[in-house]
Amino acid sequence: MKTRVAILGASGYTGLELIRLLLRHPQVEITALGSRQQENPHVSEIHPQLAGQLDLPLEPLSAKEVAERANAVFCCLPHGASAEMVAQLLAFGLKVVDFSADYRLDNQDVYQQWYGVEHPDAERLGKTAYGLPELYRERIKDAQLVANPGCYPTSAILALFPLLKSSDVKPDGIIVDSKSGVSGAGRTPKQAFHYPECNESVAAYGVGTHRHTPEIAQYLTDAAGTKVDVIFTPHLIPMDRGILSTCYAPLRSDQVDQVQLLDTLRSFYQDEPFVEVVDTLPATKHVSGTNRCHLTARVVNGRAVVVSAIDNLIKGASGAAVQNFNLMVGFDETMGID
Amino acid sequence: MKTRVAILGASGYTGLELIRLLLRHPQVEITALGSRQQENPHVSEIHPQLAGQLDLPLEPLSAKEVAERANAVFCCLPHGASAEMVAQLLAFGLKVVDFSADYRLDNQDVYQQWYGVEHPDAERLGKTAYGLPELYRERIKDAQLVANPGCYPTSAILALFPLLKSSDVKPDGIIVDSKSGVSGAGRTPKQAFHYPECNESVAAYGVGTHRHTPEIAQYLTDAAGTKVDVIFTPHLIPMDRGILSTCYAPLRSDQVDQVQLLDTLRSFYQDEPFVEVVDTLPATKHVSGTNRCHLTARVVNGRAVVVSAIDNLIKGASGAAVQNFNLMVGFDETMGID
Amino acid sequence: MKTRVAILGASGYTGLELIRLLLRHPQVEITALGSRQQENPHVSEIHPQLAGQLDLPLEPLSAKEVAERANAVFCCLPHGASAEMVAQLLAFGLKVVDFSADYRLDNQDVYQQWYGVEHPDAERLGKTAYGLPELYRERIKDAQLVANPGCYPTSAILALFPLLKSSDVKPDGIIVDSKSGVSGAGRTPKQAFHYPECNESVAAYGVGTHRHTPEIAQYLTDAAGTKVDVIFTPHLIPMDRGILSTCYAPLRSDQVDQVQLLDTLRSFYQDEPFVEVVDTLPATKHVSGTNRCHLTARVVNGRAVVVSAIDNLIKGASGAAVQNFNLMVGFDETMGID
Amino acid sequence: MKTRVAILGASGYTGLELIRLLLRHPQVEITALGSRQQENPHVSEIHPQLAGQLDLPLEPLSAKEVAERANAVFCCLPHGASAEMVAQLLAFGLKVVDFSADYRLDNQDVYQQWYGVEHPDAERLGKTAYGLPELYRERIKDAQLVANPGCYPTSAILALFPLLKSSDVKPDGIIVDSKSGVSGAGRTPKQAFHYPECNESVAAYGVGTHRHTPEIAQYLTDAAGTKVDVIFTPHLIPMDRGILSTCYAPLRSDQVDQVQLLDTLRSFYQDEPFVEVVDTLPATKHVSGTNRCHLTARVVNGRAVVVSAIDNLIKGASGAAVQNFNLMVGFDETMGID
C-alpha cells in the first residue's frame, strides 16, 4: 500500500515541484492539497502543468482533516503559520517535513531577532532534525519532524561544512556570495520580480540582513566546533531556477592546496548519491531539474574558493524534502528523485 | 527658449522611456511629471535609472497646474481617464500627444464595443490625427492633439498599408501574428508577468479579443479603400522589449512576386527617416533602443508574408510620440530620437 | 533482463535528453554511446550534467559494434549520414528509432528537392512508420524502424490532423506560425545562436524554405485525404526549449464553432496519455520537461486558430522516441516518460 | 569641422556600440572602419542595426591608410595585435584610444606572465594614461594614447579606489566577486556562449586566473600606496550586458560605518558626471545603455561591502572610450554620451 501524503501550501513553486516529484514516486499517493486559495480550485487551474495528471482541489484544510487523509505531510506554509500547523499535525501522529524556517534554528532569541516574531512552538527548537541528509542522516531517519533547509543554506553548507570540519579552512572571515534564480522569491507577484524589472539585470539584495544568514552560521558552527560568522550576500539572477554559491574561506595554512581541498570534499561525500565533487567549475544548468549538488574548490591568494551549484526548487527545497521523507518512512533514499 | 513639456503618467515604462528621450532632446525642458503615486516621490525613487539626471517629483497634477508649467503634454494615462484629462488640456490651449487608445478609433460604437465604456469625449473621434507620420504627416503637423498609435498597430500597419494601398495584396483573410516583449504589458505586477511565469515560455493571449484589432483594421481599411477585417494574434515573448509582426495577406495575382512587394515597400518608404526596408529577415534586436522599423516581404504559396520589427517602447510608443511632438511644434522630425 | 540500447549521435541536446530519460527507464540499460567526437571522451566531459550518473565513453561505432552491444538503437545522426547507418543497423536485426528526416517523407523526389541530396536508402521511403503514436500507433508496434517526427511537425500535425480528418476545417490556405526555443537549432556554436545575438530578440527564419514544410504537408494530406499545402513560418525565441504553434485554417462552414472544434479534438485524443486538450491558451512552460502536448482552439473571423505547445526536446524528439521505442519493444507506452 | 575618426576592429560588440555612440556625437565623423573581415562587407551586413545609418565598408586598413582618413582612432584589436598597430598609428601623429589590455599594465613582466607573450611595445608601459577619467583626468587630457580600461576593472576600481585612498578599508584580503552579461565574452561563437549553454545558468570562470586581476590590483595599489592583492572571481550571467561587482574589504577600524563609507564615496565623486553614489542597492538594469556607474556601500561583520553596476559595453568599453576621446580632443567630456 502506498503512503498517503498531503501537501499544505501547494499553490507555490515548491508545491508544484513537489507534486511533480511525488507523481513519479512509486510508493506515494497524493491525497490532499491544502491552500488558502478561495473557492477550492482544481489543482490544474493553479498549476496548468498538471492538467490531466492529478485530480484534486486545493482546499483549506485543518490538521484534523489532513490526519484523516494522510500519513505524512509536506508543509510549505510561511514561517509562523507553519509552526502553528506543524504542532497540530505532530499531535495527530503525522510525519512532517516542514519547508519553513520555523524549526531550522536552535535558538529562539535568534529566531525572534531575524524573523521579528516570537516563536509559536519554541520548545521544539534545538530538538528538530535538520534535513540535510549528507550531514544528519541518522537523526532524520528517526524523526517525526524534519526541518527542510533553506535553499541558500543548502548550497553554502554543503560547500563549506567538510572543509571546516577537517580544519582545512579557518572559521574567520567567511564570505558566501550567492546567485539565485527568481523562483526563489516565490510566486506572489511583486514589483521587484515583475519580468521587465529583473530580466536583463543583476542586483544584490538583503546585504547583511538576509534571514538565511543565521541558518548558515549555525550549521557551519556545528562543523567548526567554534562560533562561525558569515557575510552572506544573495543576488537575484535573470533565470528561473538555480543557486550558485561562491564561498571564500581563509586556508588554515600555506600547506593546504587545491588537491587537499578536493580530497577532503571527495572523501566526505564519497557515498552520497546526490553530491558530486567535480573538477571543472560547476554551472547551475548542470544540476537544473535534479536533486544534485555539484561542488568544486580552488585556492586563490591564501583562500579556498568553493563553488557549489544546486537547483533551488529541488535540492534546495522539494527534492530534499522527498529525500528526507524517504529516510523518515524507510524507503530507499533516492526513490522518486533519481 | 526650450519648449516646456509635462509628462502625465510618468511612472510606467513608456514614461521612463519618454523622459530618457526628452533629456537628450536639445529643444525640450521637462517641467512637470504627473502620477497618481502618493506622497510625491522623487522621480529617481520610481525610476532609479534617472538618479542624478532629473530633479523633479511625481505629483498629482490638474490640467490647470499642467498648463501653468508646460506648453506641450505627453499624456500616458489609461483609456477613459486619458480622454477626460485631454479634453481639459486642450481647452487650456496645450498641445497634446495622447498615448491612450481614446482617440485612435473613428467610431464611438466600435470604441464602446471593444473598451467597454462610453467615450467621454466622443465628438473628437474621427477628427483627431493618428500619429503615424509615415502615413499622416501633414495632419499631424497641423494638429493640437495627436493620438499616438498602439504598439502592435504600428508594426502591423507599417507592414501592410503600402501593399494594400498599391493593391499588391487583397484585403481578405489578413492575419497578423505578433510577438511582443513583456514591457508591453505595463509595469503593474501581475501573476502572468511575474518573472518565473513568463520566462522560458511563449503563449498566445487575447486570441480574437485584443483591443488593438479594430485599430489595425481601421487603418488598413483606409489603405484598401474597402473594409478590412484582420485576425490578430498577439503572443508574449520572454524578452524586455520588441515587437515582431508576421503578417499574411493573399496576393492580388500570381504575377506579384517578392521583387514587386519589396519595390512597393521601398518606394512607399524611400524618404522616411525611421523605416528601413531590408533584404534579410528583421530581428527585434536590430531595432531595439531605436525609433526604427525594419521591414521585409516574402512570397509563399500565393501569399505575401511581411515581417516587421520595432521597439515597442520607442517606435511603438515614446519615440513615435517625440516624432509627433517634433512635427506638431515645428522641430526637425528626428530631433532627439535619431 | 533489461533491453540494451545504444545512442548514436549522443553529444547533442537530443542525445543528452535521451540519456536522462533512459536513465530513469526501469527496463533499459544504456550500453553504448556513439559520436564523431575525437578521443573517446567520457560522457560527463561532453555532458557535465551526467557526472556520476553514467560511466561510458562517446566513441565512433560501426553498425557491427553497435549490434554486439545493443538490441535497439536511437540514431541521432544528421540526415543522409543517418540513412546510411540505419540501413546497416537494420541488416543486423536491430530495432531503430531514427531522429533524422531521412525516413519521414514518402517521396524521394520531395526528399531530394528539400534536402538537396539523393536519398541513400530510397526503397524504404513510404514503407517506414512515422513515429506519432497518436496517429500511427499500430504501425509503430510492428515496425523495426520508426521515423521519429520533426519537432515543428509534431506540434503542427497534432494541432490540425483531427480537424482536417473531421472536415471541421478546409485544407486550403493553412498557415502554421511556430515559435521555438534555441535548443531546436542544435548544439554546434554558430553566430545566429551566440547568446548576445538571439537573446532579447525574436526573428522569423527560413520563411517558405524550412525543411519541415513538406513533412507537415504530407501528414496533413493524409488527414484531409486531399493535397494540403501549408505556409510554415518558424521563429526563434529567446528561451532554451519549447515550441508553440499557432495554426490558422478556414472553417468548413459558419456552423462550426469553438465548442465543435474542442469536441473534435477531445474525442480524437480522449485516450491519449500525452495529449491534453485544454480550455485556456497553452504556454510552452506548461509542458516544459514533459512528453506532453497541450492544445486548444478558437474561432476568429471564419477561421480556426489552433494553438499547440510541446517541449521540442521531449515530445518533439527524445520523449517521442522513447514512446515509440516502448511500443516497438512491447513495453507500456508511457514507461520512463510519465 | 568635425573630427574624423576611424574604428579598427569594428565588427564586434564594442565596435557596434562605439559606432552607435559616435553617430550621435555632434562633432565626429566616422570615416573608416577596419576589420579583418574578408571581402569588405558593408557595415550593415555585419551590424544589421546600422541599416540606413552609416554607409561604409569594413576593410583591412594599414596604419598609413588610417592616417590618411582620420585624426583619431579607436583601436578594438586583440592584445598583441593592438600594440603593433598602435605604435604605428602614434608614429603618424594620430590620437589613439586603445581598447586592448596592451597598455594598461605598468610592468612588462606582469604583462608577459598574464598574457603569455612578450610585449611588442614595452617602452610605453608605465607611461600611458589609464582611461578612467574619474582618477586620471589630467593625464588623459594631455595624452596622445589612452589605455581604455577593462570592463571588470572599471567596476571594481571605481568601487574600491576612494575607500583605499581614504584608508576607510585595509588593503588586505580584498575580494571582488563580479557578475557579467555575455556580451563581455565577445562576438565570436563558442560552445560556452552558445545560447542553450549559458541561458538559464550561472557559473564562475577563470577563478584566480582571469587577466583582469593584475589590472585591478595595479590601480588599487595606486590608491592604497601599498601593494594590494585581490581575489577576483568573474561569473557569467544570462543577460546581454551589464557588470555588477560585489567587493569585500576589511574596515580600517570598528569606527568606520556605512555613513562614513558613503560620505567618502560621495565626496570623491561629487563632481563626476557619470558616477552616482546611491542609497539603494544598484542593479545593472539601472545603468544599462548608459555611461553611468551606480555605487553603494554597506558594512557587514567588519567589512565594507561595496556594490557597483555598469554597462560593460558602454562605461566598461565604448562609452568610456568616447569620454576619453572627448578629453583628449578638448570637447566637453560628456559630449555624445550623456
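So that you can tell them apart, the chains are marked A, B, C and D in the order they are listed, and the count of residues begins at 1 in each.
We adopt the following convention: contacts are C-beta pairs under 8 Å (C-beta built on N, C-alpha and C of every residue); 3 or more make two chains touch, one makes a residue touch a chain.
Quick caveat: nothing in here was measured; it's all calculated off a predicted structure.
The chains touching chain A as well as chain D are B, C. Two chain pairs, A-B and B-D, are compared here, and A-B has more C-beta pairs in contact (counted per touch definition above). Chain centres were defined as the mean of their Cα atoms; on that basis the chain farthest from chain D turns out to be C.
As a whole-number value, the distance joining the C-alpha centres of chain B and chain D reads 36 Å.
Computed from the mean C-alpha positions, the centre of chain A lies at a distance of 46 Å from the centre of chain B. Residue positions of chain C touching 2 or more other chains: 181, 197-200, 238-241, 282-283, 285-286. On chain D, the positions that touch chain C within their shared complex are 13, 181-183, 187-191, 193-200, 238-241. By the touch criterion given at the top, residues 173, 175, 177, 179, 181, 197-205, 207-208, 229-231, 233, 235, 237-242, 244, 246, 248, 250, 281-286, 288, 298-301, 303, 305, 307, 309 of chain B touch chain C in their complex.
Residues of chain A touching chain C in their complex: 24, 48-49, 51-52, 200, 276, 278, 280, 282-283, 285-287, 289-290, 292, 294, 338.
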